[in-house]
Amino acid sequence: MTVVKSTLPDDARRIAGDALQDTLVDMLGLSLIGKQAHWNIVGPRFRSIHLQLDEVVSTARGFADTVAERAAALGVAPDGRPETVAARFQLPGPKEGWVRDTDVVQVMVEALEEAIRRLRERIEATEKPDPVTQDLLIAVTGELEKQRWMFDAENWPRD
Amino acid sequence: MTVVKSTLPDDARRIAGDALQDTLVDMLGLSLIGKQAHWNIVGPRFRSIHLQLDEVVSTARGFADTVAERAAALGVAPDGRPETVAARFQLPGPKEGWVRDTDVVQVMVEALEEAIRRLRERIEATEKPDPVTQDLLIAVTGELEKQRWMFDAENWPRD
Amino acid sequence: MTVVKSTLPDDARRIAGDALQDTLVDMLGLSLIGKQAHWNIVGPRFRSIHLQLDEVVSTARGFADTVAERAAALGVAPDGRPETVAARFQLPGPKEGWVRDTDVVQVMVEALEEAIRRLRERIEATEKPDPVTQDLLIAVTGELEKQRWMFDAENWPRD
Amino acid sequence: MTVVKSTLPDDARRIAGDALQDTLVDMLGLSLIGKQAHWNIVGPRFRSIHLQLDEVVSTARGFADTVAERAAALGVAPDGRPETVAARFQLPGPKEGWVRDTDVVQVMVEALEEAIRRLRERIEATEKPDPVTQDLLIAVTGELEKQRWMFDAENWPRD
Amino acid sequence: MTVVKSTLPDDARRIAGDALQDTLVDMLGLSLIGKQAHWNIVGPRFRSIHLQLDEVVSTARGFADTVAERAAALGVAPDGRPETVAARFQLPGPKEGWVRDTDVVQVMVEALEEAIRRLRERIEATEKPDPVTQDLLIAVTGELEKQRWMFDAENWPRD
Amino acid sequence: MTVVKSTLPDDARRIAGDALQDTLVDMLGLSLIGKQAHWNIVGPRFRSIHLQLDEVVSTARGFADTVAERAAALGVAPDGRPETVAARFQLPGPKEGWVRDTDVVQVMVEALEEAIRRLRERIEATEKPDPVTQDLLIAVTGELEKQRWMFDAENWPRD
Amino acid sequence: MTVVKSTLPDDARRIAGDALQDTLVDMLGLSLIGKQAHWNIVGPRFRSIHLQLDEVVSTARGFADTVAERAAALGVAPDGRPETVAARFQLPGPKEGWVRDTDVVQVMVEALEEAIRRLRERIEATEKPDPVTQDLLIAVTGELEKQRWMFDAENWPRD
Amino acid sequence: MTVVKSTLPDDARRIAGDALQDTLVDMLGLSLIGKQAHWNIVGPRFRSIHLQLDEVVSTARGFADTVAERAAALGVAPDGRPETVAARFQLPGPKEGWVRDTDVVQVMVEALEEAIRRLRERIEATEKPDPVTQDLLIAVTGELEKQRWMFDAENWPRD
Amino acid sequence: MTVVKSTLPDDARRIAGDALQDTLVDMLGLSLIGKQAHWNIVGPRFRSIHLQLDEVVSTARGFADTVAERAAALGVAPDGRPETVAARFQLPGPKEGWVRDTDVVQVMVEALEEAIRRLRERIEATEKPDPVTQDLLIAVTGELEKQRWMFDAENWPRD
Amino acid sequence: MTVVKSTLPDDARRIAGDALQDTLVDMLGLSLIGKQAHWNIVGPRFRSIHLQLDEVVSTARGFADTVAERAAALGVAPDGRPETVAARFQLPGPKEGWVRDTDVVQVMVEALEEAIRRLRERIEATEKPDPVTQDLLIAVTGELEKQRWMFDAENWPRD
Amino acid sequence: MTVVKSTLPDDARRIAGDALQDTLVDMLGLSLIGKQAHWNIVGPRFRSIHLQLDEVVSTARGFADTVAERAAALGVAPDGRPETVAARFQLPGPKEGWVRDTDVVQVMVEALEEAIRRLRERIEATEKPDPVTQDLLIAVTGELEKQRWMFDAENWPRD
Amino acid sequence: MTVVKSTLPDDARRIAGDALQDTLVDMLGLSLIGKQAHWNIVGPRFRSIHLQLDEVVSTARGFADTVAERAAALGVAPDGRPETVAARFQLPGPKEGWVRDTDVVQVMVEALEEAIRRLRERIEATEKPDPVTQDLLIAVTGELEKQRWMFDAENWPRD
């Protein structure tokens, strides 16, 4: 017996559900590595990037919630448990311990680039099955691309 | 060469640092399982507990930040990366998929009770090495005990 | 002589205008039955659902305004008069008099499901004629699907 | 078996209940025709009256809620369903389609005048049965008379 | 020698003063039993009613202040000391210790009903002596009747 | 030809209109003498009474606006021009120049007492002709009586 | 014996005091005639000018307070009593009763022009005696000139 | 069968529970006598102390809530019913009727001193059994000592 | 060497970049001509349209920022320098000096219509290359169409 | 025939008008180059200066509005059209494309220095003709000098 | 080599810089003695003056910041170190320990009078060298004169 | 004769009073040197550290107030006069004139470290005499340690 019913046919629900579940893991992981960098950053640009990282975390947490509730709205139970996030999260992140500010900027550019690359695939995949989900993924992508630019702009000239 | 210096002697810093790192993992894990339950809860009390869980998440996120920054302030690099949280988090949490409202209440009571039990040991351990850290752990415990009571009160009569 | 000019060719304007006018009736009707249930609900879950219904009403009123002003912006005079709403509104709603809380949840699930089904047809119909209108209907659908899930989640286990 | 009990004797409850139910229909109808005019008004005074009409709508919606909850508080189930509003609403309103600004002002003066005339009868009828209900109707009347004046003042010199 | 002079003749002042003093005791007592229930409630509806009770307390405290200052404004010294409240307060309230949620709802319906019954007598008594005091008591009654309805509506079906 | 039409018959309009016009003069005059005292007070209680007087002024200005707009709503053109206020204002007020704090308190008690005495006559006069106007005058009286008490309470022991 | 001492020599205090006292009368009178027009305006531009006049009143009241407190700060007791305002106020204002919107605009242009002309004389007179007072009068003039322009701009084409 | 479970062993819970219950009575009583004085104070310092007393009341109400919820969190049902407060409250308070401002200050100093004396005993008693409760009592004491000082400072020179 | 890297392939980046750069010029130009009209408008509708124009300016400024940052996020350096705006801006605007209110309305209708026509071409052009950019242009179009309607509605009956 | 009349004689109006028109061009140009730099800056100080530039833009926009409305208030039609700004703007600004952070700081110091130099000439020129305009230009200068200092302070040590 | 360049010639910068540095010391000293009195005041007017002093402190701190940043903007490094304030501060202040309320008022009148006397000299000195600095000193003087009046007004009748 | 009585025995009061007085001097001094650095800092990190220093100042001012009022609450008159601060303040601070950003960071780390070292001694000294004072000093220490870490983190790699 179905617990929460879906307003989509089965195939569409599966494709949209997968895209949302994968995005949920990316957003939760991003919020964790963003905080990790927020706490462990050292170097002359500490304060500026410390604050910037909190905006990444706030964005990622907000999208995690929206994306997970969208999955639930489609009758797909989202999975954001610690073990799931750890097992499936594949974006690069800061290493253990204190991290130099230039390294934080570099790793955030890379993590956001990879997140964006994966989102663009999901935008394409969900266009037909569910334009509502696609529209949400477009919004996530636009915001992450803006944040990627801001880290990239301060990552210059590159070493 | 030390990156961030400590205002505590080495022994005290180690004890306080361990207490804070363990609390950080508990808080980050709690915020993830709180959201998991927030998204997956079903049953007639859905809305009331859905909202209540967001207060747990908000509390846990706030304390995670305070606790990690306290560690950093003592010269101890906090570790809140996804793999660390998954590996060290030991509180009970909701299973995968939709969860009945009564089960959510039960698991939150248990998770909070275990978190509190561990915190009380750390309050005792940090009293001498660092009363500032102890005072923070007392505040965390007081808030979690309040939230535990509210879940326990609505967990009655027990099945 | 045209009163308010359109930025769309005639065919596109007609299709978008019809989709918006029909959505306007659904939203105004939804706001009225949402308030009806808000006032007449009885049962142990009174307070929780009483508050939840006000969010439906607030959402429906906001979308009614946006949708009607979008029609006007396309040079189509929107019609939201009492007799029009009564004549054309086709979503299920609460019966006269006091209504049991479980029945309110059931009827809201059904009303929202039917509204969503009709909106998805309009999303398809407006894609080519006017992507601006389509984008608005996608936003309406996403929000109603979220609210439908929340009623559905608390409608479980079903009798 | 009574669902919601009344704090008034039967006769008083019937008189107060009728006055409140009739006022509810007037307020819901007024909010619908106010919005209709808000969307369809054309002419050089568009912006000024467009904004003024939203104050009428906001007032009417607020009073509809207060009046319906007062009925419920007296044990009388209020009826604000679309078909009820359409069947019983008797105030004049704007015709279909775009409406000239001068005509909007005229129709609002007339609609408010008729609403006030009916309210003054209900103030008299409810004085003895329920001074609490009477006090609410006095407040509604005072506010509508203020809004009527403002439309009347800009309706001058009359054609 | 009079301390604070009155703007009312002696008889009117005495009647209005008595009505206000009695209402003061009811409001202070209501705020105390509302908090008592807020703290001691247990059962699955804990959170919803816990929050609802705080609205009763907030209402009762606000009216206690308004009513006492109205007495003072009439030259009548209000008495809200603990011993006075305890001696004169006659509304039903929760028993000592934890209270089941259904019992809280029942006792609040009864307490509010009794408070309303007494207020309606005072509305009648103060009409001639002081319409200003009467108007205040009408406002108190209207608000308490609204709160009574909301508890009564969730008290159904009755056991 | 009537400029702004009235919702009252002629006799009622005249009585209500007179009561409102007289109250308008009292409120405007009160706001002027309140500010006069606010600026010219001297003595050890300067700051406390300086602030208290601004509350009188704010109250009087607010009521002047409400009362004048109520007159306009009844089709009676209100008159608050400087020469009208000066010619008809009859409440006692502070003399020219600096005024001792104790004298300010005394004159405010007297001005408010006289304003209240006149308002109570108008409450009686307007009861039948227009309960909406009466309700407004009751509200004005209640607020002025509260402010009178606060000046009277600090006017003790009297010299 | 001096009540409030001055930080200016006698001559300077007298010149600054006179400029401030005259400005006080202008501002209080302006606030009264602004409200008079706000209440009595009729015509198609009622709402727009009704709101604009409240900004004049708010400005005039604010400056009255600042100007009077500046006089007091210089040891000059300001005089804003009703009889003083009526006797000394010389700006043009609206006649008794309802006033056509075009006439309101015309009279406000004239009143503000006259107020500005008088202020410019005082700016010159106070430059040497007290640059602090001059600076305040410059601020008053700038704001009134802005408001004069806005009435003048809507007073075109002139009849 | 236990209703709300405790996170403390029995002995510790009893000691902490007693300290919290006694503090609850002190805070509720303090809020009642603070309001009593707020309403009944007369004398030239009326306004200043009237406002100051509301801060005492607000503080006492806030602490009553925190203290009672702390008791509940420890599995101890708090008792704040009118009869309990009246029976167990032992701080000095104002006598019946109007009270001179100097007497109010004196009685507040005494009431707060006694409350503080009792709190300091409880701080000592709870140190070992429950540092979380102790920390809360320390916060209450600090705030009351601040308020005591402010009354004491204005109680000088003493008669 | 690339300064800010792009997440799009070269062709897509060029098309999206051109669409964004052209929209940036339109938005900056629109904000300048909107302010020009805001300052130079004369005529009886001065105030209403003066305020309405500030909403156009605020909208245009907000979109200019969003559009330019979107270009930067795609690795395209946006150009909004004065000489660029002047050279490339092609929407109609107000002539030099004072402008009659009816002419302002007419020119705003025309400027917005032209801006919308150009945006609809860009919506089509960007659909495949970058749905994120397309989504932003859809939002800009929807808002400008709403503002065009409001000017058009008050531009009736046309001369 | 004059459209908006002036409160200044012709000579004074011309001098003040020229000073205001030139300042308007400087402020509009400054707001455009500030945004240009805000979007195109790259380098490690990106975020800090990106935010700082928005304060320049906000300041420049605010002063542009105040200065243009001051001109209008003096009967001088301000000119802020794109072609006027481009033709008359003479402050240095960033070149096309991405700009290194150190270059942004340098160009902002230079642009602000030139703007200040020109403003100081206008302060002198307007002293006699119109002290109200002079006072406004003094305020503009003070704020720009503060912003110049902050860029200059971070422009050190200079290369 | 100059660190922060000045927009003033050397002579003007020296005069303006001295005036600002001296004002900085007065403002910092005033904020310290204001707080000293705020903490140590005793007597029946404790609360009223305790609050009033915080307004002096807040004013003084705000002006200290504005004045110091103005010096920096002129290329003059401000000096507000503890030893500088102590060495150069010459206004009268409260003695050590508790201070009677009447003595606080007296000392504040004297301190403010002396500060104003010195400011008026600086207003004169800076008029030619830097009207921007002069304008700031005029604003400081106006505010201090207002605060001086309020202390002086409550310092009456003098002993 | 005692002015403000203490709730502590003499010995405890003396120890707590000394700890608070010394902390007061540290906090006032810290607020002065924080502002000194805020005004005089130069270098590429100017803006970021300029803002960070204002948080130090705000923290130090807040704690100065809390600490001084705590002393007063214990019957100990706090001493924060300029000469006292200058004589007893022993933390390192910035030298006269412009200071390089790297030097500011270094001096703030040192000043905060010394302040923390002294506070930890006082935490130990006050534990027995007054746990309320100790709790306040623990809070001060925790906050200063957090701020020290943030300066230390941006002070790396050290020269």
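Note that the chains are named A, B, C, D, E, F, G, H, I, J, K and L in the order they appear, and that numbering of residues resets to 1 at the start of each chain.
Everything that follows uses one rule, which is that a residue touches a chain if its C-beta (ideal position, glycine included) is under 8 Å from a C-beta of that chain, and two chains touch if they have at least 3 such contacts.
Keep in mind it's a predicted model, so treat the numbers as computed, not measured.
Asks: Please give the intersection of the contact partners of chain G with those of chain H.
Replies: F, K
Asks: Centroid from C-alpha atoms only, then distance chain F to chain L, rounded to Å. What do you get?
Replies: Comparing mean C-alpha positions, chain L is 53 Å from chain F.
Asks: Taking the mean of the CA coordinates per chain, how far is chain E from chain F in Å?
Replies: Comparing mean C-alpha positions, chain F is 31 Å from chain E.
Asks: Report the inter-chain centroid distance for chain C and chain D in whole angstrom, where each centroid is the mean of the CA atoms.
Replies: Each chain reduced to its C-alpha mean, chain C and chain D end up 23 Å apart.
Asks: Starting from the mean Cα coordinates of chain B and chain G, work out the distance between those two points in Å.
Replies: 62
Asks: At least two other chains touched by the same residue of chain C: list those residues.
Replies: 3-4, 42, 45, 48, 69, 72, 135, 153, 156
Asks: Which two-chain combinations touch?
Replies: Per the contact definition above, the touching pairs are A-B, A-C, A-I, A-J, A-L, B-C, B-E, B-H, B-L, C-D, C-E, C-I, D-E, D-F, D-G, D-I, E-F, E-H, F-G, F-H, F-K, G-I, G-J, G-K, H-K, H-L, I-J, J-K, J-L, K-L.
Asks: In their shared complex, at which residues does chain D touch chain G?
Replies: So the residues of chain D touching chain G come out as 45, 48-49, 51-52, 102, 150, 153-154, 156-157.
Asks: List the residues on chain C that touch chain E in their complex, please.
Replies: 41-48, 50
Asks: Under the stated contact criterion, what part of chain A meets chain I in this complex?
Replies: Touching chain I: residues 113, 116-117, 120, 123, 134-135, 138-139, 141-142, 145-146, 148-149, 152-153, 156 of chain A.
Asks: Give the list of chain B residues in touch with chain L in this complex.
Replies: Counting only chain B, the residues touching chain L are 3-5, 7, 69-70, 72-75, 131-132, 135-136.
Asks: Would you pull the chain D residues touching chain C in the complex into a rising list?
Replies: 3-4, 28-29, 32-33, 35-36, 39-40, 42, 61, 64-65, 68-69, 71-72, 77-83, 85-87, 89, 93-94, 96-98
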